[in-house]
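Below is one structure. I have some questions about it.
Naming follows writing order (A, B and C), and every chain is counted from residue 1.
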């Protein structure tokens, strides 16, 4: 292996503080994700995982620190700029437009900066991946079941080919069999070269797919390491309690 | 046959106006999530400017059109979006409706600072030689009518194309549901929402210059608002979503109205009472009967919790000492004021005090409906009017004791309130408010015209009450009576708020499904509150009628009721304190502050020029713009602004007793992580 | 003794059959699980039990009474309590106030005239009952904090407390562990066991967390595509090949 100067990491947070009005959620968070790698955020509820995800997609503007994507400083820019750079964030809970149809949801997500034929091709690929969505393309997304809504956001991610995918609690409220499918899908996305940032309550699932992991406690990073090391750390944490 | 075709062609032209306005309402609702009740006054602004330029200053049609419709109207849209609605994207639908209501009150005030609408008679439409008549087959239409029909058709087509086939239409709808999720899809929400407002306001401007042609060539704000109100029925029939339905419903309504006009006997009750009220009766029936509107739940923004949590209400942050301190402070102020009124004030001051007391009672009814139950009712003036009319009727016709008639009037108003609330129960949010609006307008346009309700043109006189040997004909004793009633009503409201009903209402407001899961019936809670609120309003109505000596319909006009909502919402809809502040504001602002106090103050603090009496319009601007802050400060802007001084006083108290126990600080609720 | 007895419950929306002759029973004091993949009809069934939807066919009886025509808020008075998958709390109220409102609702004496006479204030025995439930759920420390300041896990416990104040004979829990982390889930399981033991109320648990279901319930019903595909004792059901294929997915 020849030694070349390392390219900048795809996503890099440095000394980030953020919160909601008077409420401070994360303190002095710094980490970097190399292109093509999978990072998972672990920690109890309230530790600040979702806030970090929101900082990475521009939903929450950090009060301090910098957010760099492919070397470009994005902190303070509106969320749509992040999206246009190729960051796709599937937020926790409902992440589709309930008042738009399945097809409209897909068009909205894929329409920007692509020509019509390309969009149509991607939409039909989404229906190939999830035939159930194809059957319901005119149905309002709000009337889909929880699992189908999740399929819709996943299908969008798969055919969109983002540079960075932020998946927040994708398995929430899903039956075990569907959780397995979701993770199989994420693995495909990873194999296609997409960088992933995953937040997950199921530690086993998350570490099964991740290269690296961060453990958060009370808004700060308490431990970091590769997935193997972190599995041991999480075990320690759980047995201590 | 002539009547049939004449009605059809005229009806289509008239209906095209309804359709244009209804499409505007649907467009605004779909692209900005606001039920824009101020659509008519936006149109009025453009109409007024066009009239001023073209008719008064002889500017040619095209430049006048460009300035008033192509420039001013979108500019208003940009201002509204930038300064107001972009901050309200995650706010409840109801808050946005109240903000629009504030605009409805404020914009005409602003326009009238520069524009005297009494001069705006016989203005000309934008079509040259608008009265040129064309025969198209059996139809006879003039140019003005053709212009309206063609414009409506073009706008309808453009809006349909926008929603069906364009990406920007899709983005507009996405931004309305969740601007943040739209941003995650790469949509620049700010720009899209500004575009939505520009587009809607342009349609409003277009309507603004076309409308005078069918309102007898007059540019008067009330005509615009009334037409928009009539058009609401078409928008509601379209469930606020379907443009083709809005078009069809608007034209259908126009044709129906013209046919009724021609085929009904001219001197019947139906012709004089039903016909002008037709749109409102239709709205009432549609809202009560249309199953599509029931249990309609607005989609909520799943990312709303990215916003910082709202601060706790001021009243809740006060410690018990401070609460008592505030109460004592207000009692002392009240005692001084009353001492002045009773022993040193002249007749005019006494008159102010009596009206303030009565309006404070009426505004307590808004505290019950809005502050406790979280419902916005546009029919409070109607309920108060019903109380006044019943009591006047009984006192003069039946010769009953006036005290008793006032109580019966309140009871009748309460029962009417409950009956009105029953069909409205299945409607949520803005549709419930629209239902009260339809009821108020239908009542005003149909029932009030019957002599047996109000005494017709010569309204029933109502004497002052008598209780044993005390005769309340004396104004001072009448004031004492009003104060007693006010104290009783306030105590009742406080007890209800702190009692079971208040808690149940809090629960229902917090989560209706959860309240049902522990056995609380939202239905019953709402009927009770509507009844109570209407009864309180009716009580005030009876008192005012007795004070003035006769029933005065203008006191109880629906639009007066809208202004009440605006003023109470501005000054504090949650508390008795707020109702009192609103009553002081309502009476004193027009009578004392604008003509005397404010000019005096201005003339004393600046040396540049003398200011005379300020125009009454300032009052509407002031309170209208105050209500615009409702979404940000649901407890009222005055209450919200008490926060800082109150916190300072609290800090002082805390410092003084900081000898050990930790200070009681306000927890403002942590955000979700 | 059978407390809840649902038979042949059928419901379809626009031609799609969401529930097809579902039968389910719960005995007094028993803990029962209801599982199934997403879209299997669990939520629809739940809504039928609670009266938010009216079934097209079948009967639901509770404690010997037919529920078909009973409105939602009355079912609560008959003894059915519930919690929500997406937490539904009353904004601006403390946990103590949540429990107090439920206590008032149980007594069913929310007359307006009583309020007007000043009789609406909390009574000592009501407050005592609230205190008792707060202690049962170890909520005392959080009792007077604003509800917005509580974590999701605590919020779920407040929901359970609110439901308990109505003296339910049956508690319906809709995915109570959804969104909770490992520790919160463990704590919730403990509380449920405690509640079941102390208050003897039956629990019907809809849940995706298989270890939690296995640890708590004695019997399980499994729905798939609106039909009951299995029911019986927990161990038998989780050993069933059809269930593993439809739900857990480890049998190919």
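Definition applied: contacts are C-beta pairs under 8 Å (C-beta built on N, C-alpha and C of every residue); 3 or more make two chains touch, one makes a residue touch a chain.
Worth saying up front: this structure is predicted, and the values here are computed from it rather than measured.
In terms of which chains touch, the assembly is arranged so that all chains touch all other chains. Looking at A-B and A-C, the interface holding more C-beta pairs in contact is that of A-B. Distance from the chain B centre to the chain C centre is 42 Å, each centre being the mean of its Cα atoms. The geometric centre of chain A is 44 Å away from that of chain B, both derived from CA atoms. For the pair chain A and chain C, the distance between mean C-alpha positions equals 32 Å. Among the residues of chain B, those touching two or more other chains are numbered 309, 670, 672. Residue positions 45-46, 93 of chain A each touch two or more of the other chains.
Along chain C, residues 152 each make contact with two or more other chains. Interface residues of chain C, counted against chain A in their complex, comprise 35-40, 43, 85-86, 151-153, 175, 178-184, 208, 210, 246-249. Taken in their complex, chain A has these residues touching chain C: 43-46, 92-93, 145-148, 150, 169, 172-178, 180-181, 201, 203, 238, 241. Listing the residues of chain B that touch chain A in their complex gives 167, 170-171, 173-174, 176-178, 180-190, 299, 302-303, 305-309, 668, 670-673.
By the touch rule above, chain C contacts chain B in their complex via residues 50, 52, 71-74, 76-77, 81-82, 84, 88-93, 97, 100-102, 104-106, 108-112, 114-121, 145-146, 148-149, 152, 159, 162-163, 165-166. On the chain A side of its complex with chain B, the touching residues are 19-23, 25, 45-51, 54, 57-60, 78-80, 83-84, 88-89, 91, 93-95, 97-100, 104, 107-109, 111-113, 142, 219.
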